[in-house]
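Below you'll find the structures, each written out as structure tokens.
Shared between the two complexes below is subunit A, which pairs with subunit B and subunit C, respectively.
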Partner chain A sequence: MTNKPILDIHNLNVVYETPSGPIVAIRDLALELNANEALGIIGESGCGKSTLSYAILDYLPSNARRSGSIMFNGEDLLLKTEKEMQNYRGDRIAMVYQNPYSALNPSLTIGEQLDEVTRIHRGFSRTQARKESIQSLQDLSLGEAEGIVRRYPHQVSGGIQQRICIAMALLCQPDIMILDEPTTALDVTTEASILDIIGELKERHRMSLIYISHDIGIVNKISDRIAVMYRGEIVELGPQEELFNHPKHPYTRALINCMPRAGVKKETTRLNTIPGYVTRRSADERGCPFASRCEKKNAVCEEKYGLREIESGHLAACDRAYATDVPDKSTFAPLIPKANARPGADQTDNASSGIEPGIGPAPLLELHEVYKYYKNRKRTVRALDGINAKIEKHDVLGLVGESGCGKSTMGHLVAGLLEPTKGNIHFDGKDISLTWKHRSRDTIRDIQLVFQNPGRSLNPSFSVEQILDRPIKKMLKIRSRRERRAVMINLLKKVDLGEEYLSRPSTRLSGGEKQRIAVARAFVTSPRLIVCDEPTSALDVSVQASVLNLLGELQEQSHTSYLFISHDLNVVNYISDHILVMYLGRVCEYGLRDEVVNPPYHPYTEALLSAAPDVNPSHKQKPIRLEGAPPDPSAQIVGCPFAGRCHKKIDGLCDTTPPPLKRLSETHYIFCHLSEDRLRGVAHL
Partner chain B sequence: MQRIWYMAKRYPLIFPALIIILFWFFIATFGPSLMPFSYTAMDMDHQMTAPGVGEHLMGTDSLGRDIWSRIVYGSRSILTIALLTSLFSSLAGVILGFTAGYFGGRIDALFLRVMDIMMAIPPLVLSMVVLGVLGNSNILTLTLIVSIAYTPATARVARGTLLSCKNIEYVDAARLRGESHLYIMFREILPNTMGPIIVEITARFAYSIMMVASLGFLGVGLQPPTPDWGMMVIENKTIIKAAPWAVLYPSLAIASLVIAVSVFSDFLSKVVIRDQ
Partner chain C sequence: MTFFRPFFRRLGGMAITLIAMSILIFLLVELMPGDAAQRVLGQSATPQAVAALRESMGLNDPVWVRYGRWATGMLRGDLGTSLYMRGVPIASIFWRKVGNSLVLALLALLFYVPLSIVFGILAGVKAGKIIDSIISFFGLATMALPEFVSGIILMTIFAVKLAWFPITSVIPIGESIWSNLNILVLPALSITLVMFGYVSRMQRASMISVMNSDYIRSAILKGLPMRKVIFKHALKNALLPTITIIGMNMGWLFGGLIVVETLFGFPGLGSLTMSAVKTQDTPLIEVCVLFITAVFVVSTAITDLLYGFLNPRIRYPGGS
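So, the complex of A and B:
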């Protein structure tokens, strides 16, 4: 490692000119990147992480202005002309974007796009270029590279697309690779294997990485040093382990603490939240960027407090960084215990004894052999392939699985947006395998849905009042305006919002506020079941924490049941009483939360658990890498759907015979050929 | 408001365009009562006089009628017809396009085929033929026929904007509380499609002016002696060498209004698109 940094940013300011005045996206930023170093940048959305990476490449929108200096190997990139910059982009500094699908050209084959890079930047001939492209794909452990180069981007999975983007960035042998949330659009298992690859490549090609993410767990996995950004400033910068073990800035602490992580459950803890949300910064604002949301704010915070070195290489922009009244090991301790913690034994009471009907108290919702096929002329997609499930009264069933496993389809079937192809759904004894059109008024009132993206589920032309008023009028049949208003104010209070929100247009709310309104709308009818379809995955971590807290509290107060759908096992683990793991339209494992997340577990559950990014820096265990993508859902599967990717597969059995149901306890089921001992097998962690 | 002003500064053409539009609306409303001449009055001493000679601001035609007075009166009919046409065709377009797009399937397929057939005939030809057969056109028949001729185009725009909103979750949310189709179409979806639809109405307004002028030029528009801008151009074609102003001024009137409305529509679409 050379002493001289490869990238040295000084006093960088980026200002956007907008109709409502200039907005400071990056302010007085200083940052060094050493050779062969991986620098992670974390922060919530709107903190200027992406703007920073675009500023380095001079790839900002036309209304942005840059000032300061960005020294790359001793040359200032800010002084380069557009033409000169072209020699840097791609060649010296490469970038990988968040969404590989939109980064690749859909009308060119993968090979053509890869070849182009070496032909333009390195002057290769066609055959030379193709050879190099295939080699680069093989370096990324993509088998069958010759086949892939002939395909179009839409013919390969998202994980492979992202590997192709990385291969493309590598083809120019850049000195720096900037990765802007490269795994956010991918499944956890794919994410884990991509992160592995990035780590390997860095060592092999001896290049520097800038890894941007909102997910602390991921940054933790990949970086040597971490910079925490907030509202355009770096508030803390330090070596990875040091920063996680001894975070100094209140924002870093808050960010680390609000992630739900393994072992954190709703019965015992509330998630830590950061009050407020990221706001835009005007040009004349002074002082610590985090002051308005900081709990430990004092007079000093109103003044500018620059980055100072606390320990060697560890910098923080907070006067409190030296304070002794803040416990040092705060990272893993200050989860707020709940006053009225529900004892763990409580749950086993309402867990009935079997999937078979007629035993124990009748569950609220039951799915019997539910199939949902989507047919078109060419093929039949088996979204749900014989699902049995149930939800008890006053119980949360967490539904996890990768994208495309049918979890949203199941949610939509229960909510009544879709109709099952085959099978029955029983709600409180009534058959509700019908769409909304044919459901009774009571059923419609009793089952509500909270959507993933509140920006899309709330009508952008309506005010909060209009959004809440209509369901109250329509479903509660309250005629008097004054009464309806009282109901609305009460609902807003439930979701911790004030009366003043009624008159606001829904587009003027932050993501978290929107989702609160959506939750309030779902609670209008005091439903007995709410289907939560990834309600927090479109939100920032700090907002996710507060929405999860809210959902947990409301569930407890109102005795509602949830069908909680998420791809994030940590989130499901936090909120659920029971967990159902799905793969390719089938159930892998079902049981009480603690039974599912602890061994013995289905190999797929094991893989999901090991892929989930962990915020504990000392856990750097090698994840179980799932090779390939889930099989084509239109193919007829004979054996276990997971057999093709399973690390514990029994050859000749798993891919020919459907897995039997193994009952491990009264409440715990696994569909797998493996013996219980084998399932217990390698323990997680 | 702030963003409209911000956009206007970046698109300064909007200012002359607005002035021209307001000017013509003012003229159409108050002009006739301020005019020194009636639009039919023939000044036999001043046939084909040049602009500025005597009291004739823009000169006279071969019959000695004051060009300016005729333009002022003509602005009334053209603005009325164009305004009504753009409103009617948009209204019909929204109803048809929304119904087809919302229900989809066979209704949509049938709708698209009918629209294709109608669009295969140019609106101008369609209007010309129908008006020719009916004979004796007046403001009512003109409005009606031009509206019908333009409905396929507006219906397609309406259908397109509806399709972009139809699969957003707030529509699902409305369905799940048992709302009727009418409520979902016109209360939930319509407000979110208003931007493109308003742009379409203004663009249609510009097209309608062109259409009415063209029909007048072709002789199937309003019948003489009612002054009509398009008709004035064709009437004076024979004297274009002796009195070019008699053709020039009505042409300028048409051009200024069409261009100004087009610029206005363009500006609106920029404001609306950036907003989304």
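So, the complex of A and C:
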């Protein structure tokens, strides 16, 4: 490795001029990126990670002012004109974005969008450029590249779209590739294979990478060094393993401890949360940016502050990391033991609900041979293909699977947003295979929903009071305004928000606050089942942790059951009592959480787990990569739907005969042809 | 085949709309006060003469019989005869006026479409800059002025002061519109003034939203020059809403120009409708209004199909 860095950022400041005064997005930032090095940048949203990458490429809003220097191969990018920058963008420094679907132009074919890169930067002819584009798609192991270039972006899947974006970034073999949350919108399995590709390409093209993510597990997989950003500053910087094993800055530690991860369960642990949220920084603010949220701050943090080398190559901006005058609650592998470890053993119940403690043999909800087909003229999509499942009383059922496996459809059926094509759903003995319009008021009251994106599920023109008032009026039939207000205040207290929130418009809430309001709304009717459809996927890790804690606590207090849908296995693992693994509208495996994941039995569960990014860097496992995507859900499948991608497929059996049900214990069953011994063997490999 | 299916479905919908509209128009016009036979013969006619004429015009038949007779006539291309100009077949004047209106509409399109799109794009790309403010102000001002005001201003400047064009747009008897093209310019300009603000604001808004999209960011950060970003990447998407707006206004442009045509005395469909209403010439009113409705329905349908054709997400439904 040469000792001259390819990118050398000095004293970089980015300031936005706003009518209410300047706001600092990046402050005095210094960073070096070496040739062929992968640098990960982590931090919550609003910490300036993306601003930094746009500052490098000079793509900032017109009210932004940059100062300092960004030396790229010995030239200062800050001094370049717009015209000169065009020669760097896409050629020497290329970028890949979070949402591949919106990053590609819907009106141009994929080929046109790829070709223009080499035509502009290399002056290639049309045919030359097309040849190059096809080659670059093939390099990303996209078979059938000739077909793909003729298609439009909406005609290929999200995983392929992102590979196309990466191929586009690689066309001119850039020196630096900046990846801004490139896998956040994708499935875990797709994410894993894209991360593999990125790592491999980095070596092949001797590129440098800047990898931005809020997900520590992912950054961990790919980076040589990691920088932690907070409010426009790098607060800690160090080699990957060193930073994870010995995080210095309280922010780094807090961030690491927010992540749910293998072995962290709700019974034993509350996730660490960071109080408060990322605030804007005015120009005259001094001292440690994290001080206001730091549990260890004292007077020193305001006066003496700066990035210092702690060990060789490991820099941190905190003197008080190991101070003992405040008890240290954030160490790695950490875990704050929970006060009430046993569920149900405590808590005098909230008076209004009248819910009996959920003990008893009959499950709360049962699905019998439920089918849901979406039909149009051309094809029939089998979203659910004969599902049997149940949710126990006072229990959390985690539902996992790749996108398109029918998770959300199942949630919608249970909540009554859709009606099953065939089969029955029983809730507490009653048949509720109807849409909400035909369900009784009691059933509607008993089954509530929390959605993925609170920003979109709350009416932006309503205040918190209006949002909560309607269900209280409609479902609880409380006439008196004062009584309703009392109910609301009580609800807000449950979700750790104060009375003052009632008058706030929902647009003025942070993402976490919005989701708390959405949770409060679901709890208005003291439901017995809440369908949580990816409730934390749109949130920052620290906010996710606090919402997960809240959901866990509320569930324990109110004896509600959850149907918890998530693509994030670590999250499901944290919150669930039982787990149901789905693939292509069918059940793969069902059981108690530990029976399903610890260790995994079904080959698909195994593959999903192996794809999930692990926060612990020393935890290296042999990865299992699923090739391709799940089969077309409109195709008629004989045999096991997973057979085509299974790494343990038995030829001539799995693809011809549907897998039989195997009971491994009272509570654990699995659909697989592998013998019980082999299944157990899977677990011990 | 599947490509044509929406086309056929659309055609069926159009037919139903037109039938429903024709019934509505017929009933409304029949409900107008006054007796057709009396109107033809004048106030001094004897009751016997009026009764005889009623009988011979078929006015004593039940309303659905009269509708049936009228509607089948329309389908055969028989537009009926004018009441006011007794005995003159409507077809002999109607199609000529439609032709005139068509020429005016095309010229107005030729003026305002490129103009408002170009300035809309300019304002959108330079949003917040001075040039944007100027364009937006001008657009708002012309939109706010009613066409009889802006028309009079145009007349005063170009016809009275400069004398470049005639004040009125009358075609001398015995001549066709093609030998009098200069009469079209002022009415077309006055339409342009009305439409410019509207369309350019649409274009500006859609340009701004497209320029803020992720794929434009991708295009810029690929290193494309701004010219390519705007014309290759942004325009194709930003034009779609504008095309819809222009298409939706075709009906108005064709038959709704009553004010403009009356102001300039232009012999088009608008002024024909106006005079038909003034003289209570029921058959003529029915023909005019039905035709304008048909233009609305057809142009909306064409716009929708065109939108589907220009938008690959509709042209090639998802194959993922």
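The rule we apply is simple: the second predicted complex is superposed on the first by the 640 of 685 C-alpha atoms of A that agree within 3 Å, B and C clash if a C-alpha of one lies under 4 Å from a C-alpha of the other, contacts with A are read in each partner's own complex, and residues count from 1 in each chain.
To be clear about the criterion, contacts are C-beta pairs under 8 Å (C-beta built on N, C-alpha and C of every residue); 3 or more make two chains touch, one makes a residue touch a chain.
Only a predicted model underlies this, so the values are computations on that prediction, with no experimental measurement involved.
Contacts of A:P106 after superposition on the shared chain: subunit C is touched, whereas subunit B is not.
Once the two complexes are laid over each other on the shared chain, residue contacts for A:K266 go to neither subunit B nor subunit C. Judged by the touch definition given at the top, the superposed model places A:H567 against neither subunit B nor subunit C. Residue contacts after overlaying the shared chain place A:S457 against subunit B, while subunit C stays out of touching range. In the superposed model, A:G90 lies in contact with subunit C only, and not with subunit B. By the touch criterion defined above, A:P19 reaches subunit B but does not reach subunit C. Only residues 2-3, 6-7, 168-170, 172-173, 175-179, 188, 191-192, 194 of subunit B touch subunit A when the two sit together in their complex.
Taken together, the subunit A residues at the contact with subunit C in this complex read 57, 59, 62, 82-83, 85-91, 94-95, 97, 99, 102-108, 116-117, 120-121, 151-152, 154-157, 160, 165, 168, 378. If you check the complex, the residues on subunit A that touch subunit B are 19-20, 415-417, 436, 441, 444, 448-449, 451-453, 456-462, 470-471, 474-475, 521. Touching subunit A in their complex are the following residues of subunit C: 2, 128, 213-215, 217-226, 228, 232-233, 236-237, 311-313, 316, 318-320.
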